[in-house]
Each structure stands twice: as C-alpha cells, then as structure tokens.
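Heads up, the next two complexes both have chain A, just with different partners, chain B and then chain C.
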Partner chain A sequence: MTRLVVGPFNRVEGDLEVHLEIAEGKVTLARVNAPLYRGFERMLEGRDPRDALTITPRICGICSISQSVAAARALGAAMGVAPTPEGARVAALIHAIENAADHVAHFNLFFMPDFTRPGYARRGWHARAVDRFTAIEGSAQREAVAARAALMHVLGQLAGKWPHTLAVQPGGVTRAPGPAEKMRILASLRGFRRYLEKVVFGAPVEDFVALGAESALMRWGKGDAGLFLEIAADLDLAAMGRGAGRYLAFGAYPLATGPAFPAGVWEKTGGPRALDPAGIREDLAYSWMMGAASHPSTGQTLPDEDMRGPAYSWCKAPRLEGQPMEVGAIARQVIAGHPLARDLARQGGVLARVAGRLLELARTQILMERLATDIDTSARFMAAPVAVPDAGSGAGLVEAARGALGHWLTIRKGVIANYQIVAPTTWNFSPRDAAGVPGPLEAALLGAQVWPDEPTPLSVQHIVRSFDPCMVCTVH
Partner chain B sequence: MPQIETFYDVMRRQGITRRSFMKYCSLTAAALGLGPSFVPKIAHAMETKPRTPVIWVHGLECTCCSESFIRAAHPLAKDVVLSMISLDYDDTLMAAAGHAAEAALMDTIEKYKGNYILAVEGNPPLNEDGMYCIIGGKPFVEQLKMAAEHAKAIISWGACASYGCVQAAAPNPTRAVPVHKVILDKPIIKVPGCPPIAEVMTGVITYMLTFDRLPELDRQGRPAMFYSQRIHDKCYRRPHFDAGQFVEQWDDDYAKKGYCLYKMGCKGPTTYNACSTVRWNEGVSFPIQSGHGCIGCSEDGFWDQGSFYDRLTTIKQFGVEATADKIGLTAVGALGAGVALHVAASALKRAQKKTQEKTEA
Partner chain C sequence: MNILWLQASGCGGCTMSLLCAEAPGAFEALEAAGLRFLWHPALSLATGAEVRAILRRIDSGEVALDVLCVEGAIARGPRGSGRFQMLSGVGVSMLDAVRRLAPLAGHVVAVGSCAAFGGMTSAGGNPSDAVGLHYEGAHPGGVLPPEFRGRAGLGVINIAGCPTHPGWVTETLMLLAAGALTAEGLDRLGRPRFYADHLVHHGCPKNEYYEYKASARAPGEIGCMMEHMGCIGTQAVGDCNIRPWNGGGSCTSAGYACINCTAPEFEEPRHPYTETPKVGGIPVGLPSDMPKAWFMALASLSKAATPDRIRKNAIADRIEVPPTLRTPKR
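Here is the complex of A and B:
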C-alpha cells in the first residue's frame, strides 16, 4: 500500500488537500482536508443583522450572489418580510446569471484543462483539447472569459457591481430596472445565447435540453460539449468517480409561483421525496471543531486550535437523516425530474456531474430569457420596510452553482446571536461522520485508478474537479 | 538573466492585431489620466521592454480580486492577466497542480530573482502559527515571506491584502493581517477595494511597466491616480445631494428618481476610489447606480465601522469638503509614510536599473 498527498489543487477556488491510500493501482481510502479557515460565523455574532448582507457575500468571490441571496432570505424570514414578486424575479435573474457564469468558468477554466496534460498525448483528441483548453492560453478559454464578462453587464445594470453586490435585500432588490434597461438586458442575454449555441453546444440550447437519455447525449458531437463527450466516452468518465446516488437540492430561484428548479431529495434506491430541513445535522467527529453534532439553527463554530486527531479537516460533516448527500447541478436536475439527468444519475460519475452542469446551463439560458421578458418595470421591486426585530430566527435555503447553500440566523437583543452557514462543498467534501461514513467526494474517490508514475493522479484530478469545489465557501 | 520576450512579442504570438494593440495603449493612457501624447510612449515601452514576470499568490481570501481582474474592459486588458504580464505562477488559473505547481513557484522565483512583481491576493492569518491557511503543507505566511524575499515590489490586491478586510473583522478569529504587517522591507502598492476595479488593477501594472517606477502613491500607499478623489466628488447623484434631495427608503419614489443615497447610509463622501468614474463590469454601473449606497469597501476598517446603513453624521450638507477631508485624514491616520514611500520608489528604480545593467552586461 502506498500513501499519497495530492495538493495543493490548482484551478480550484481556495485550498484543498486530498490524502490517498493506494493498493494495486486503486484508491482504497481517501481523506479530504480543507486547510483554510476564516471564522465568518464568529465575526457575525454581535453585529447588526443587516451586516450579514455585506459580510457573507465576501465569503466567496465566485458565488458571492448566492451568499447574498441566502443572507437576504434568512434575514427576511427572521424579519417576517418576503420580496415583492418583481423583486424576487430580479433577484432570481441576478442569481441565475452568476450561476450560468460559474458553469461556463468551471467547464472552460477549471475542468477541461486537465485533458491537455502530457499523460494524454497519445489520445486522438489531445491536440484539439490542447488547442481549445490549454490553461490561460486556450482559444476556448478566451472565448469563455469574454462571453462571461459580456453576460455580466447585466449584473452591472441590476446589481451595481460584481463580485459582491449590495442590491439584494430581504424585501427585494434596490434597483428598479426601467424599460430601456430591460431591452439592454435582453440584448445581453441574446449575446450569451449566441456564444452558447456557437461555441459550447454548437446547436440551439433547446436541442440540448430535449435530450432524454445518456445514449443520445453521447452522440451529440457538436461544439466544445461534443469534444468533452468524445473524451468522456474514450476515458469512460461515466464510470469514474461514481457517487452514492443520494441527491439533495434546496430549490433554486424562488419566485412568487415557487422555485424554478424545485427542492427535494432523490435516491437511486428510493426515488424522489420531499426535503425536511429539520433532518440536517452537522457532525463534528472528524472536524477540528468543538461541540456536539447539531442542527445548523443551533450549531456553533468553535475551532479546535490544537487540531487534534482523529479529526483531519476544518470542514464540518453535514448529513441529512444521517446520510451524506451530493449537491450540485446534477442533483438539481435529477430532482427537477429531467429525463437526461435521471438517466445520468444511474452511474452518477464524472460524466453525470459535468453533463448535468451543461444541461443546467442550457436550461438556465431559457430561464433567464423568460425572467427578463417577464419583468414588469412599473411594479414595486422592494417590499415596505420592516424594522429588524429584537428577537427572531430564520433560514435562507438557496442553490449556488455548486449546490445547496443554507444560512441559519438567530437574532437576540437586536443583534446576531448565532449564524451558521452550510455551503455546497461542505456537503460534497465533508469528512467522515461519527459512524465513520465518508463524505461524497471521499466515497467517489474509492477505486480511482492510479498509475505507478503519477504523483498527481489524473483520475483524482477529474473526480475532484467534477464536483466544482469551492473551498473558500466550504469552511468560511 | 534569461532573455524575456517583450509584451508585444507575446501579443503577436497570441494573434493580436496592431490596431487592437494601439487601442489598448490609448485606453490605458486614458485610464491613467495621461494625454494622447503618452500613447506612443506606452506603445514603445510595450514593444521594447521585457514583460514583467508576476507571481500571484493567494492567502485567506475569496478570489474576488482575480474574478474582477479577468473581466477588465478591453479584451487586451484581460490578456494582460491571461498572458501579457506572464502570470508565471497563479494557482487559480494555471495548468500545473500539486507538487508540479510548487516546483513552478520555486522555478519562477529562481529564474527572475529580484526582477519579478509579487501580487498578493488575500492575507496571512497569524494565529496558531498560521495554521488557518495551509498551502502545500506549509502556512501561507511562509510562502508569502519566501516569495517576497526576491521580489522587486509587491502589489497588495484588494482590501484583504491592503487592510485585512472581512476576515479581520472583530474578533478576527484567525488574526488575519495585511501584507505590510508581515513584509517590512519591500515597496508595497496597495490597491484596495473589495474587489478593486479591473481597470484600476491593469492600469497599475501597465504604469509600472511603462514608466519603470511605482505610480505616485498617497499617504496610505494607494496609487494617487485612482484613489485621490472621493466617490462623492464624481457621483452622478451629487446634484441631488447638493439640492437636498434624498432617498428616504428602498424603492420609494425618490429612489426611482435617482436621488442621493446619503440618508440610506452611503459612504461615498468618505471613500476614495474610482467607482463613480471608471465604474464596474466594463464601465456599466457601480453600486450607487444600482440604488444602494457605497459601503466604503476601499477604506481601511470599513468592516468594523458600525452598521453599513448608518448615516454619516460628521459631514455637513454644504462645506462638505472641509469636514470630509478631516474624516479622510483621520482614516489615513498619522502614517507619515511619505518619506518611506519615496524610499520605496527609489528602491524599485534601483532594482530596475540593476536589472537593466545586468541585461546589458
């Protein structure tokens, strides 16, 4: 048996280390460590509850709007105020743009460059991968960065600046777009559609959304998605890094009519069921954290400065009814009941996660256009002001690009008494729990192929990145 | 000293046209507040000077600075990041991983000893011997000190590296400190903001390349060309402030009319930054334009100054200048850094000169 420490990981938001035990060329044990801790939950204690709207987005410069929206929802729940319908619609549009931009960044800047590595030099697709996805210089990377920046003009218009907007509030948004802005937003969205259809999918996004099975997907053959699927077939990415088939979503883009992608739980063995957030516990058995396992509404963040064993990560281990859950684009699309996603979930490996993200990207384009078209510029975008109460509590459960994100807030004496955040990568990259059950990434790494001369095994790189980790959010 | 290609060589290799290149030079001249006569100078510098090697390291951070940077307005400005300034080591964007990445860092330091710029995003936590931010098995503070030792100058990107930012908010659980508390012997340029504006970031780098020196810095060590005016001075809502027309609550009729956000807690009158002129997301907008007051994210300690929605009480409606300047001065504190900065700028010049001599020799 050999031991291997893989890390630091590049092209990952934040810092990450993976410890592997390997026997006969396969990973037999994996431990995932998030080595970055800042203590946001501690800083929030004792502050004006509205400060959460400014502080929590700064947990992460990539999913900062997701943090904004979660904080606004948690605060709104504690204050007893909900966004106006148009406020909710614009907040959903702002949020969807960030998530779409994140999916584009993940595919082009973080995930695909691994296929340009010299280890793949003899593959038929290698030259094309190098041309398109060489880190920093590849032609696809340049197009992606440009398309993303152009899409984010909408965030400029609606959110003032990105990253770290201030426009999302418990009662709605501070920016009431006028008819002229609405036209400009629609024009920006059309530009992004052109990019997706010319470069990423090589065909109308509706065609990709219409795919109903993995077999049809593998015959796609167009755009950069086609190149990825060709590589996926050659390397059998479908079977690589298989998950446990337990998915969770908090529901994305809450509108007056309900979320655009629903909340729920889906298990390979049991099918879909409703989500009960009361069943969430954060387990601390293998985290450098003090205290007992508890629901986030009563949880605490007390770092064990001695970093005592057997703990090995700053990350807590969230579990739903005692089980680790995988979150992310594939989870959302499986729970939304999309036939392609459900088919991909049978294996639930690297292919499922990445193709699930592409599927969601196509669906999100259609959603963003609908949201923008439906904006009623004459309506109110913010509910009547409500004072922050002396005491109260609330939760904000939203979907970041990488999966389910929750904020739990308690107010006492007019200030924040407790604030707990469970981020998507906290779920996906959690350490073991008291029962010794590994987190989703740790489980997905078991059986990964490691060749004798690989100090940073390629399969491990693909599996880790297929989750689109955001390590700064993980521990915060 | 190995032969380093020029910026223009790199651009040509990337298939960038001459026309596009000249456009970038004019945009940069404009962004730096220089007249059209400087355009050929910038072009000449980019054609003849070796590209500046940059090592970009990340401590406790949220990566928002990198995110801002890769969306700079002109496509070429993005190329300044993605290729021109030769980001020889940047762990968010680079290809290598694991030990190869650490080796790349050591190689870059060795290869460009004394000639590279160290760009720092985020900051080091000092509590528990730096154990709250571990890079490659070692505390980030050690990586930072190692990379700084042979750097020509250091750029502190954003509020984290410049001042501490939110992770340093009370009670500062990890004792996160800005770069200048750890690195005491190098010229440091602070480019604060959470994040800084992309065009400000590329402008600072282009200036250093073009003129072989640090940009003029204010008493806090910020480039004066971008941080010498308050948001308030150039705010498009300023006439409403002067006329006493204010938004009273979110989305009220006054908000729809674009009145001043001072009563909603806007910190524009005490914040020095270029948001109201350069704006964000390719010049589209800035927070005040989105209907929310400025929170002063480029000012030291913005995270611990009471509620972000508290109205500034120390400025007067008229005669703002006298009082707000006083606030500015208080914020600056008695740094008395003018002399130190002059020394720092000379040190950079000396470093450049030495390099040139070496190249010639």
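Here is the complex of A and C:
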C-alpha cells in the first residue's frame, strides 16, 4: 500500500487536499480535507440581520449571487416578506446568469484543461484538446471568457456588478428595468445563445435538450461538447468516479408558478421522493468542530483550534436521514426528471456530472430567455418595506451552480443570534460521519486508477473536478 | 514579467471579477503587456507536485519572481500558527509561505481589500485572526512589517476593492510591466491613484438627487442613498461610476448603497450597512473635504429648493416625472 497527498489542488475554487491510499494501482481509501477556515457564521452573530445580505455573498466570489438569494430568502422568511412576482422573476434571471456563467467557466477553465496533459499525447483527440483547452492560451478558453464577460452585462444592468451585489433583497430587486433595458437584456442573451450554439454545442440548444439517452448523447459529435464526449468515450469517463446514485436538490429559481427546476430527492434504488429538510443533520465526528450533530437551524460553528484527530477537515458532514447526498447540476436534472439525466444517473460518474452540467446549461439558456421575455416592466419589482422583527427565524434553500445551498437564520433581540450555512460542496466533499460513512467524493474516488509514477493521478483529478468543487463555500 | 498568484483567505471573487475584463480581455491585456503567470490557482494547468516544484524553484532563486499577487487575507490563527489556512499538499501555512515569498518578489500586489487590509475575512471579531499583507485594517504592518519593500523598491501595492474592478488589476499590472508605477502613483494606503483619486460619488447617476438631498427611503426608490440608505459614495475612493462594471453598472446605479469597499475596515461600519447612522437626524458621515456648517447650510437650502420632479422621482421606483421640455420661442 502506498499513500499519496494531492495538493495544492488547483482549478477548483479555494483550497483542497486529498489523501489517498493506493494498492495494486487503485485507490483504496480517500480522505478529503478542506484546509481553510474563515468563520463566516461567527462573523454574523450579533449583527443587524440585513447585514447578512452584504456579508454572505463574500463567502464566495463564484457563487456570490446564490449566497445573496439564500440570505434574502432566509431573511424574508424571518421578516414575513416575499418578493413581488416580477422581483422574483428578475432575481431568478440574475441567479440563472451566474449559474450559466459558472457552468461555462467550469467546463472550459477548470475541467477540460486536464486533457491537454502530455500523458494523453498519444490519443487521437489530444492535439485538438491542446488547441482548444490549453490553460490561458487555448482558443476555447478565450472564447468562453469573452462570452461570459458579455453575458455578465445583464448583471451590470440589473445587479450593478458581479460578484457581490446588494440588488437581491427579501422584497425583490433594487432596480426596475424599463422596456428598453429589457431589449438590451434580450440582446445579451441572444449573444450568449450564439456562443453556445456555435462553440459549445455546435447546434441549437434545443437539440441538446431533446437528447433522451446516453447512447444518443455519445453520438452528438458537434462543438466542444462533442470533443468532450469523444474523450469521455475513449477514456470511459462514464464508469470513472461513480457516485452512490443518491441525489438531492432544494429547487432552483422559485417563481410565482413554482421553481423552474424542482426540489426533491432521487435514489437509484428507490426513485424519486419529496424532500424533507427536517431530516438534515450536520455530523461533526471527523470535522475539526466541537459540539454535537444537529440540524442547521440549531447548529453551531465552534472550531477545534487544536485540530485534533481523528478529525481531518474543517468541513462538516451534512447527511439527509443519515445518508450522504450528491448535489449539483446532475442532481437537479435527475430530480427534474430529464430522461437524459436519468439515463446518465445509472452510472453517475464523471461523464454524468459533466454532461449533466452541459444539459443544464442548454436548458438554462432557454429559461433565461423565457424569464427575460416575460418581464413585465410596468410592474413593481420590490415589495413594500417591512421592519426587521425582534425575534424570528427563517431558512433560505436555493440551488447554486454546484448544488443545494441552505442558509438558516435565527434573530433574537433584533440581531442575528445564529446563522448556519450548508453549501453544495459541504455535501459533496464532506468527511466521514460518526458511522464511518465517507462523503460522496471520498466514495467516488474508491477504485480510481493510479498509474506508476503519477504523483497527482489524472483519474483523481478528473473525478475531483467533475464535482466542480467550491472549497471557499465548503467551510466558509 | 512573471506573476505568481496565491489565493489566501478570501472568496476568489477578485479572480472572477478579473475574468470580466473586456476590450481587452484579461488574458489578452496581460499577454500584450508581456505578463505571464508562473502559476495561478484557478487558471493554470499545474497542480500538486508540479506546483510544489515551481515554489521550490522560486525559493532557490532559480526563477526570479517579478510579481507576487496575493488575493485574500492572511489567517494568523489559531494562536499565531496560521493553521487556519494550510497551503494544501505542502504542509506550510499560507502565513509562512507569504512571509517567505514576499522578499523574493520584485513587486508584491495585494489584490482586493482582504489582501490589502484584512477585509471581509477579518469581520465580526475576526475568527481566523486574518490581516492584510502590509496593513492590519488602517494600521501599517500586517503579515509584513511597515518598512517592507519589494525588491523593486515599492511597498505592497494595494488594489483595494471588494471585489476589485478588473480594470484596476489589469492596469496596475500593465503599469508595473511598463515600469511606470512609482511611489507617487500610490496613495497613503498604497492604493493606485489612477482609481483612488476619484470618489464613487463622481458620476453617480443619482447626483441630481444628491444636489437637492432628494432621498430614497426604502430599497427600490431611485433617490440619493446618502441620507437614509447608507451610501458613503461621497467618501469612498473609486472610479466606480466613471468606468462601468460589467458593461455599464455600478452599485449605486443598480439602486443600492456604496459600502466603501475600497477602504480599510469597511467590513465593520459600526452601523447596519444599508442604513445611514444619524445624530439628531443628521447623517454622521459628511462628504470628504466638506466643513459641517457648509454642508448643513447647503442641505437645508437645497432641500427647500427641490423641484417637484426631483422630489417625486426620488421616492418612486422609476422616473415618473420627466424633465420639462422648453420649446424655443418663435
């Protein structure tokens, strides 16, 4: 048996270290460590509840708006105020833009560059991968960064800037777009569609959304998605890093008519069921955290400054009814019942996660266009002001690009008495729990192939990045 | 020039913001100025052992480091050990890594308010005992002593902002590459003067409301946000309303307060961010360089003189009364 420590692990948001035990060329044990602690939950205690809207987005510069939306929702629940229908629509559009931009960044900047490595030089696709995805220089990287920056113009208009906006409030959004601005938003979205259809998919996004099975997907053959699928077939990414097939989603983009992508749970063995957030516990057995396992509405964040064993991560271990759950685009699309996602979930490996993200990117384009088209510029975008109560509590459950994100807030004496956050990567990259059950990434790494003389095994990199981890959110 | 970029205790948002640079884009701007990354944690291919090798080559002097960019504050906790942020795979704290690398660098650049002053990471009792590179809040001396200078002679260049505007970062780096950034180009807090000599108030679309103290009272109203909504744009440095963010926005143009994110200790305003603290009904924070008596006199005069259009629009969520059209007499 050999041991390997993999880090600094880059092209993930934030800090990550992976400890591996390897026998006969396969990973036999994995421990995932989030080596950064900042203590955001503690910073919030004693402050005006509205300050959560300023502070929590700064947990993460890549899913800043997801944090805004979760905080606004939690605060709104505590205040008894909901956004106006148009306020909710624009908040959903703002949020969808961040998520779409994140998916594009992940695919082009974080995930695909690994296929440019010299270790793959003999593969038929390698030269094309190098041309498109060489870090910083590749043509796909340049195109993605430009398309993303142009898409963000919608956020300049509606949210002032990205990241870190205060535009999303419990009662709606701070800026009422007029009819001409709506035209500009639609023009920006059309520009992004052009990019997706010319570069990423090589065909109308509707065609990609219409795919119903993995077999059809593998014959796609167009755009950078086609290049990825060719690589995926060659390296059998479908079977690499398989998950347990237990998915969770809090529901994305709540509108007057319900969320655009629903909340729920789906298990390979048991199929779909409703989500009961009361079944969530954060286990601390292997976290450098003191206290007992508890529901986030009553949980605490008390770091163990001595970093004592057997704990090995600052990350807590959230469980739903005692089980680790995988979250993210594939989870959302499986729970939404998309046939391609359901088919991919049979294996639930690297291919499923990355293709799930591409599928969602295509669906999100259609969603963003619909949201923008439906904006009623004559309506009110902000509810009448409501005072912050002296006491109250609320939860904000949303979907960040990387999956389910929850904020739980308790107000006492007019200030924040407790604030707990469970981020997507807290689910995916959690350490073991009291029962010794590993977190989803730890489980997915088991059996990963390690070639001799690989200090940073490629398969491990593909698997880790397929989750699109955001470590700054994980521990926050 | 080469750049080593480290992400310390921060949110990564300054890198994300940098990627929003346009005409030229971030990669194109740096490339054209002859700047290249030795390593960037979000963008480079190198990972794990390859990164450790790059760090070793810098350490041994085999590679001369031109620019060290640090994004995020530096955690000193727990108990001065820096173990709240370990450089993964290396077994060294970010605190030790930065202390070792900074003297080797030609220039040290703090990207964002966290790296500059501690920023949001040091808010609320500062759970991780985080500081800036060269400042602890507004006080000189962070993880590096006040007398620290990079090999090229400048103190830490503080591109403060939360996040930084992409143009602030690309232009600072381009100035460094051109050898055109001198101590005179930095303000007393080490911020590049090309943006820190401006105030956020300059060019704010709400300036006319400000002139008459026609104020928004609640989120969504389009009046000036100084009197009630916590805006400190009249004191905050930054050209946020002169150069657009994300193709045309700014905090105040989107209808929320400037919270002075370019300043040390903005994370602890000692009042709710979006509510103006007042004494006797008068906002405590006055515009920069303005005597109080003058402000009071001007404010009461202008309030009395507020045109109906401005008074009504200030508390609406969109322009309800358009400007009066004057037809030339024939």
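The rule is simple: the second predicted complex is superposed on the first by the 476 of 476 C-alpha atoms of A that agree within 3 Å, B and C clash if a C-alpha of one lies under 4 Å from a C-alpha of the other, contacts with A are read in each partner's own complex, and residues count from 1 in each chain.
To be clear about the criterion, a contact is a pair of C-beta atoms (placed from the backbone, for glycine too) under 8 Å apart; a residue touches a chain by one contact, two chains touch by 3 or more.
Model, not experiment: these values are computed from the prediction.
K.L.:
Clash or fit: how do chain B and chain C relate after the overlay on chain A?
P.N.:
They clash.
K.L.:
Determine, under the contact definition given at the top, whether A:Arg219 touches first (chain B), second (chain C), both, or neither.
P.N.:
A:Arg219 contacts neither chain B nor chain C.
K.L.:
So, A:Lys26: does it touch chain B (first), chain C (second), both, or neither?
P.N.:
In the superposed model, A:Lys26 contacts neither chain B nor chain C.
K.L.:
With the two structures laid over each other on chain A, which partner does A:Arg273 touch: chain B (first), chain C (second), both, or neither?
P.N.:
A:Arg273: touches no partner chain.
K.L.:
Looking at the overlay, does A:Lys198 come into contact with chain B only (first), chain C only (second), both, or neither?
P.N.:
Touch status of A:Lys198: no partner.
K.L.:
Looking at the overlay, what does A:Pro455 touch: chain B (first), chain C (second), both, or neither?
P.N.:
both
K.L.:
Applying the touch criterion given at the start, work out whether A:Arg412 contacts chain B, chain C, both or neither, answering first, second, both or neither.
P.N.:
Touch partners of A:Arg412: none, neither chain B nor chain C.
K.L.:
For A:Leu16, select first, second, both or neither according to whether it touches chain B, chain C, the two together, or no partner.
P.N.:
Second partner only, chain C.
K.L.:
Which residues of chain A are in contact with chain B in one complex and with chain C in the other?
P.N.:
Residues common to the chain A contacts of chain C and of chain B are 5-11, 13-15, 17, 35-39, 42-43, 48, 50-51, 53-55, 58-62, 64, 109, 113, 116-117, 134-137, 141-142, 145-146, 148-150, 152-153, 155-167, 169, 171-176, 303, 305, 307, 380-382, 385, 455-456, 461, 472, listed in rising order.
K.L.:
Taking the touch rule as given, give the residues of chain C at its contact with chain A in the complex, in rising order.
P.N.:
So the residues of chain C in touch with chain A come to 7, 9-17, 19-22, 25-28, 37, 39-52, 75, 77-79, 83-90, 120-121, 123-125, 127-128, 130, 162-163, 217-220, 240, 244-257, 259, 261, 267, 272-275, 317-318.
K.L.:
Which part of chain B faces chain A closely enough to touch in the complex?
P.N.:
Residues 14, 58, 60-68, 70-71, 75, 78, 82-83, 87, 91-102, 125, 127-128, 131-137, 165-167, 169-174, 176, 194-195, 249-251, 255-256, 275, 279-282, 284-293, 295, 297, 303, 306-309.
K.L.:
For chain A, which residues count as touching chain C in their complex?
P.N.:
Its residues touching chain C are 5-11, 13-17, 33, 35-39, 42-48, 50-51, 53-55, 58-62, 64, 105, 109-110, 113-114, 116-117, 134-137, 141-142, 145-146, 148-150, 152-153, 155-167, 169, 171-176, 178, 303, 305-307, 380-382, 384-385, 455-456, 461, 472.
K.L.:
Which of the residues in chain A end up touching chain B in this complex?
P.N.:
Touch residues, chain A against chain B: 5-11, 13-15, 17, 35-40, 42-43, 48, 50-51, 53-55, 58-62, 64, 109, 113, 116-117, 134-137, 141-142, 145-146, 148-150, 152-153, 155-167, 169, 171-176, 303, 305, 307, 314, 380-382, 385, 455-456, 461, 472.
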